[in-house]
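Both of the next two complexes hold chain A, though its partner changes from chain B to chain C.
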Partner chain A sequence: MAHDAHAAADTRRGPRPRREVTTAFVVSRVAVLAVAAALLLYAAPPLAADGSWVSLALLCAASAGIAFLYLTRRFVPAKYLIPGTVCLLAFQVFPVLYTVSTAFTNFGDGHRGDKQAAVTAIETGSVRQAPGSPEYALTAAVRDGELVFLLVDPKTKQVQAGSGRGLAPVTGAQVGITGKVLRAPGFTVLKAPEAAARGQEISKLAVPTRGGVIKANGLSRAVEGRASLVYDAACDCVNGENGPWRADGARGYFVNARGDHLAQGWQVNVGFGNFTRVLTDPTISGYFLGVFGWNLVFALASAGGTFVLGMAVALALHHPRMRGTKIYRIALILPYAMPSFAMLLVWRDMFNRDFGLINQLFGTNVDWLGQTGTARAAVILVNLWLGFPYMFLVTTGALQAIPRELTEAAAIDGASPWHGFRKVTLPLLLVALTPLLISSFAFNFNNFNAIQLTSEGGPFPAESPQVGATDLLITYTFRLAFGAGGAQFGFAAAISVFIFALVAVISAVAFRRTRKQEEVYA
Partner chain B sequence: MRKRAMGAAHLAALSALAVAVTACGGGEPAAPSAAPTGSSGATAPAAQGGKLVIWADPNRVKALKPFAEQFGTENGVTAEVKEISKDNQQVFLTASQQGSGPDIMVGAHDWIGNLVQNGAIDPVNLTEEQKAAFPEIAMKAVTFNGQVYAAPYAVENIALIRNTDLAPDAPATIEDLVAKGKALKAAGKVKEVLCLPVAQKGDAFHVYPIFASGGGALFGATATGDPDPKKVLVGSADSVKAFDRLKELGEKGEGALKTSITNENYIATFAAKKCAFLISGPWAMGDVKKGGFPYDITPVPSFKGGKPATPFVGVQSFFVAAKGKNKALAQEFVANYVTNKDVAKALYEADPRPPALTAALQEVQAADADAGKFMEAGKNGFPMPAIPEMAAIWEPFGIAEAAVVKGGDAAKSAAAAQKAIDSSLKN
Partner chain C sequence: MKLALRHGFVLLMCVFALVPILFVVSAAINPLGTLASTDLVPNGASLGNFADLFGNDRYPFARWFLNSVFIALAASFASLMLSMMAAYAFSRMRFRGRRVGLLALLLIQMFPQFLAIVTIFMIFTRVTELYPAIGFDTVWGLMLLYLGGALGANTWLMKGFLDTVPKELDEAATVDGATHAQIFWRVILPLVTPILAVTGLLAFIGIMSEFIMASVFLRDPESKTLAVGMFGMIAGDQRNANFGMFAAGTLITAIPTVGVFLWLQKFIVSGLTAGAVKG
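Right after this comes the complex of A and B.
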């Protein structure tokens, strides 16, 4: 790629000399084009099958654009910017926009699909077998190219042909012992594989009868059923049992006069409903401050604690007289190298009162995760253990960049080691590490795993089971959005918008302060 | 640490690209009749364009594969059994919504309420004869709003499993059980009185029989006898009494219920002979047998003079996906194939859970007494409520349970749970 950049510079200066074609240049270009082509080939058939022409057109346009960009010699800066921009759009911008738009809907359990899907589900779910009607043995057959059902009444052995027009008796049919029709004059009986291949047609065919319709039930039986709930577009309502059920466009439900609703709903736009619910719901607003306070403590203790611990270890290993630093470094990085999911679960079991390692080791009988204070200390301790190797790594790196002469000069000037560290090393370290500390804070502010896999937010006071002592905003609201009421994606999205705003404000303030600090020390 | 998250994003991007590239390398995946290449896919040879996709959890995939294959061969279709290992219900719902779901889903009957309200499954039409082949409780479990939504294949419930070396006689009451457990503990033979998971957040599923025996209830009943989500009874006077009984058994009382006994350690503790009594289900038997001691399975006993200790009964079922691509085949498989005795028996052999089909259970029982004993223990059980509102019960109930086990006030805990449930159900 570096050669490519050189070539670009040359093009601007001279009268377009023939560009040198290096291996890296060819390989990178082929790689980008291959990925674009692969994505096109992968995504186009399902889009075409679905009939999503707009998306298909967008995909083709994007692919054509990329192909043009990397086949032409011009637009060199764009060649470097496009991959990053595409990733930014796909992995950052799109999820954010999708989350925000979801926050304005009631998307969730009971409201996943559109109204049409809900109507279909309501009608299908209400089909009951017509009382006293026979359980027909079904044989799929073809007459003049049209799919028909050959229906055998198991009691009378009478054979009828059912098509979209209704039932008609069949004479001269030969019925096997299983009740299936073996052959019938004028019909071509479908063998099992042939019938299976036409499965979709078979499930669609409805034979009208006086009391309802006969539909296939699998490939070998058919029953006469009647839908007890039927949608009527004229009144935009569902007629039937306990009805009429009128469509309520604000809630996405069919509602009857008694205020009950049918189980199947559809997705509607609820405007700011989810946001006002976050602000007005007493189970949220009543506990918000407490949870927020502990959340701040947890994030600060995690970020600050890991930093102090990691830096202390890094400083110790940085000392010139330290021996065997490599061994120590490997040992220290281990917690970082192990999968945190597994380690969190191991820690949770170590804190068990009767079976846990910690009580056994110290001979204590503390219900670590069962009391507010100890549970909070425990989750911070676990997070510290998981997080400090990262801080150790970055501090080690930053320390290498600080010339030893500076501390030596301070020492010669009569500064104590503590003074030297406080006035020289630490400020220089902070210039490099403050952005990392801020992002560590933001990460720990929403550190869902650290809580959910250890204390699950508990212990929960018996008087208010909604919120636990170690609940972060994210674990607390996760339970609100996905616990009691099934999955409520719209509500969850609104909550994440709020949490995003909180973290963004805190980080913005912190970054502003950092910039001032950098001006001082730069 | 944002760096780490970015790294993950890049990794995801890379793997997505890798997938895209492999898909490309494998030829254009346009033809829908192309045989699946996934290693987990069981492929029957004669494919004529039809394809049946079944999703199941890891335990059941192996058991289902031969039957799916056989069904595929008989009907000339490709049958594929795919393993879904986590959050099966949510994965199924999301995939169904996007149109990439299976034709048949295997899961527990208490999903039905949520699956129906999301329009994800179709009713299954069983003949009267087929229905009669199942015990009443299994059919009751898969019936929702008067409609049968699944074909049952295994019935699960918890029972009392005891180490007969330590406790030769089955306790007649909970009081007997606790007395025997405490005597063994005092004699130094065991460490715990009873292995029943409570954990910090409670475990409504395992404690329910004892709660029910103490007179507690979750829901009132509708006119048709189904649980009524409008009548939550967790905070009722009877339930408070039941919570009081749990408190008596708890850490400040008899010490039979403890928050340190969790889902992760309760079976292992019993298998290591550290307690004489275990309340668990058929899934525990593998570990219990490895313990290498004689055991017996009996119904969970009730309190002396109390109500019957009814366990929750869960019914493993086959669902027909409403948005499946091949519904006729799926109906055929679920209604007419899975309800076959041989299939039920083979599923049992691959994963020993008592078969739902009465005829299959009788044959299985001859060789394996455990299945019959579990079935016996669940005979008067309470089908786990399938209504979506049940989701609101688990957590507040569990927290109230954990609170009283730790010695908290029963009336306050029950009232708080009732309030939390009511507010999330907007009663």
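Right after this comes the complex of A and C.
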């Protein structure tokens, strides 16, 4: 009795409702722990080996946090949001922030590493044969599994062993008539084919000496070289030919009195340098505005053109006595279902001057993608072909949602069909489709494929091979970053930031307008 | 008379829509297999190009096809799941930061991921050093990259759709003792299948055609996707000679998507009107 009363009292007080522990609950918790542990085990060792302690700490904290989140019964919304958010942060937000920070540096070809790496590269790159130094007879050998050079001085016949750590004399070596070492105690001499097989290793090995390094010259000769450019920490400069080259911390280069710089530089913070370069450098700013203008035209023409075409077709089919609409519809949406990358390439080849279908059909010999005007018309035409079925589909859907009574009422009131369309159908369509038009505009503003796979940005004017007539900002950026002219990651990132800003402004304006419009019609 | 005008216009547009496709078909069955010898009307029929496509040892087309289909299927499925889960939380739960989160998604959605291609390249250079299994030249790395754009692309659309599903349904389930996970899997998911089908299909097609990130990411011929591989097939001086093979490949790539497209036609119109955009 007492026991029962106690239980009843418990219920009355209403302790936290306990859900029973089901099998599914246990299994899912174990699975969560297993996944977290597996991720940690996979991801941690490389970070530890690399000594990236900050990343390692972050990783541990993140996996612990995720394990905790899915073990507890609380934080239900976070359980659903975290997986997508992690991906979003890692592969979209972080790259964007990283882009912004890269835009303030000169990172790119010639500016990849830090200053120390640049000094090492300059010194090893400037090694020349030291004047008056002997040309050693070289025998490649192995000691304890490590490749070493057995070097015979041609005058003194003295034998030395050279490894990555330096030179050491060798006693008891037997030298043949060619000057090569036949055998030496403690060494395994490599025969010619064996040495040839390790040719790459041999040409890479550099034996440090007091004033320079000894490197192999072929498989049987070695010479001592000296760096003609040597870094001097005292003056923070590189001494040598045409020098001294003084470190210019603002540009990340070693510069001499004449204003030249060594090819190898290092990564430095250039502040707003890349941004001002876009705006003030005449070889860039002139083109930048041109590219931006064409970019706007292209996006507007693509979004607007596809909408007008698609709507026209949808309106033409939207008639109660129209026959065969099913067949028409299938034919019209086929371009939308074809793989767009392949069809872009097909269009490129249809515009080909020598073999293309267009010249064949019309009997012309026009270099469509080779002239500014025709190339621009061509890429817009191609984009219309790709995009109008989408607009056709969405306007068909939107038209079906507009009650027929509205247009009929307008007709009874004496409105001409055109008038009825202008004043009734179009405004209602626009309410439904403006968000789609905006996203279509934003999509085409950065429509990389449509340009890169057809005209590749060309035709290029003779005086500036960097910027073509059909280049969008995004294809231009891509060429700067990965093109043949050498990678300029920092500068390309600065242009990306400009595109970010432009897209943000355009979208903000567009969304404000839509909201106003919805207030009017809703 | 007016009806005839309508037919005329629509027929004209059909011609515009079909000519390039007809050209691809004609090129694919063209026995000579070159661009120069391809006409709009096939001047012969052979399956030689298809045989070349699978038989040659320079272009592992079958491998590319598998890579593409695998990446597209897995990434579009995973990205649907991620955005569906987020949409469920945003639509059915009230929590701190909900409004901010929704607005942030709207903002992020405006920045296409490939604008950051330069730094993505730099990040993955480092990832490749540490974890070769998800670095360059692997399908897994590329898939992870595509998942980064998952939340931005579809969450709003799905949240809008979920908002139209009556809340009473999951309240009833709660009363019956269902947990939030059971409601999500057993109640919500079955109800939103149509929109899932359409957005899934569009994500699939979009990933199949994605070129810029894949071209930076995949350089080893065996790991390429169709978009990157077939681009290389008609690059430079092979442009004329390999065109027949390329066209055959295009048709094979198109068959599954065109099929599903025609099958889902009805859903597609409603899904698109709700705001799905082909990537």
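As a working rule, the second predicted complex is superposed on the first by the 277 of 522 C-alpha atoms of A that agree within 3 Å, B and C clash if a C-alpha of one lies under 4 Å from a C-alpha of the other, contacts with A are read in each partner's own complex, and residues count from 1 in each chain.
Keep this in mind: contacts are C-beta pairs under 8 Å (C-beta built on N, C-alpha and C of every residue); 3 or more make two chains touch, one makes a residue touch a chain.
Fair warning: this is a prediction, and the values are worked out from it, not measured in the lab.
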Which of chain B and chain C A:118 touches, first, second, both or neither: first
Contacts of A:453 with chain B and chain C, given as first, second, both or neither: second
Which superposed partner A:367 touches (first chain B, second chain C, both, neither): first
First (chain B), second (chain C), both or neither touched by A:300: neither
Chain B versus chain C as contact partner of A:197, first or second or both or neither: first
Touching partner for A:76 - first (chain B), second (chain C), both, neither: second
Which of chain B and chain C A:334 touches, first, second, both or neither: second
Touching partner for A:41 - first (chain B), second (chain C), both, neither: first
Partner chain in contact with A:354 - chain B first, chain C second, else both or neither: both
Residues of chain A contacting chain B in one complex and chain C in the other: 42, 50, 87, 90-92, 349, 352, 354-356, 390, 436, 439-440, 442-443
Partner chain A, residues of chain B touching it in the complex: 1-5, 9-10, 12-13, 17, 19-21, 23-24, 28-30, 32, 46, 48-50, 74-77, 90, 93, 97, 99, 113-114, 116-119, 122-123, 125, 127, 145-147, 191-192, 200-201, 258-262, 264-265, 269, 322, 325-329, 331-336, 388, 391-392, 395-396, 399-400, 402-404, 406, 408-409, 412-413, 416-417, 420-421, 423-425
In the complex with chain B, residue positions of chain A that touch it: 34-35, 37-39, 41-42, 45, 49-50, 87, 90-92, 109-110, 112-113, 117-118, 120-122, 124-129, 135, 191-197, 199-200, 202-203, 216-221, 223, 225, 263-265, 282-283, 349, 352-356, 367, 369-370, 387, 390, 436, 439-440, 442-444, 455-456, 458-466, 479, 483-487
Touch list for chain A against partner chain C, complex: 19, 28, 42-43, 46-47, 50, 76-78, 80-81, 83-85, 87-88, 90-96, 98-99, 102, 309, 312-313, 316-317, 319, 321-322, 328-343, 345-347, 349-350, 352, 354-357, 360-361, 385, 388-390, 393-394, 396-398, 400-401, 432, 435-436, 439-440, 442-443, 446, 448-449, 452-453, 474, 477-478, 481-482, 489, 492-493, 496, 499-500, 503-504, 507
Chain A-facing residues of chain C, complex: 3, 6, 9-10, 13-14, 16-18, 20-21, 23-24, 34-36, 38-40, 82-83, 85-86, 88-89, 93, 95, 98, 101, 107-108, 110-123, 129-131, 144-145, 147-152, 155, 179-181, 184, 205, 208-209, 211-212, 216, 226-227, 230-231, 234, 239-240, 243, 246-247, 249-250, 253-254, 257-258, 261-262, 265, 268-270, 272-273, 275, 277-278
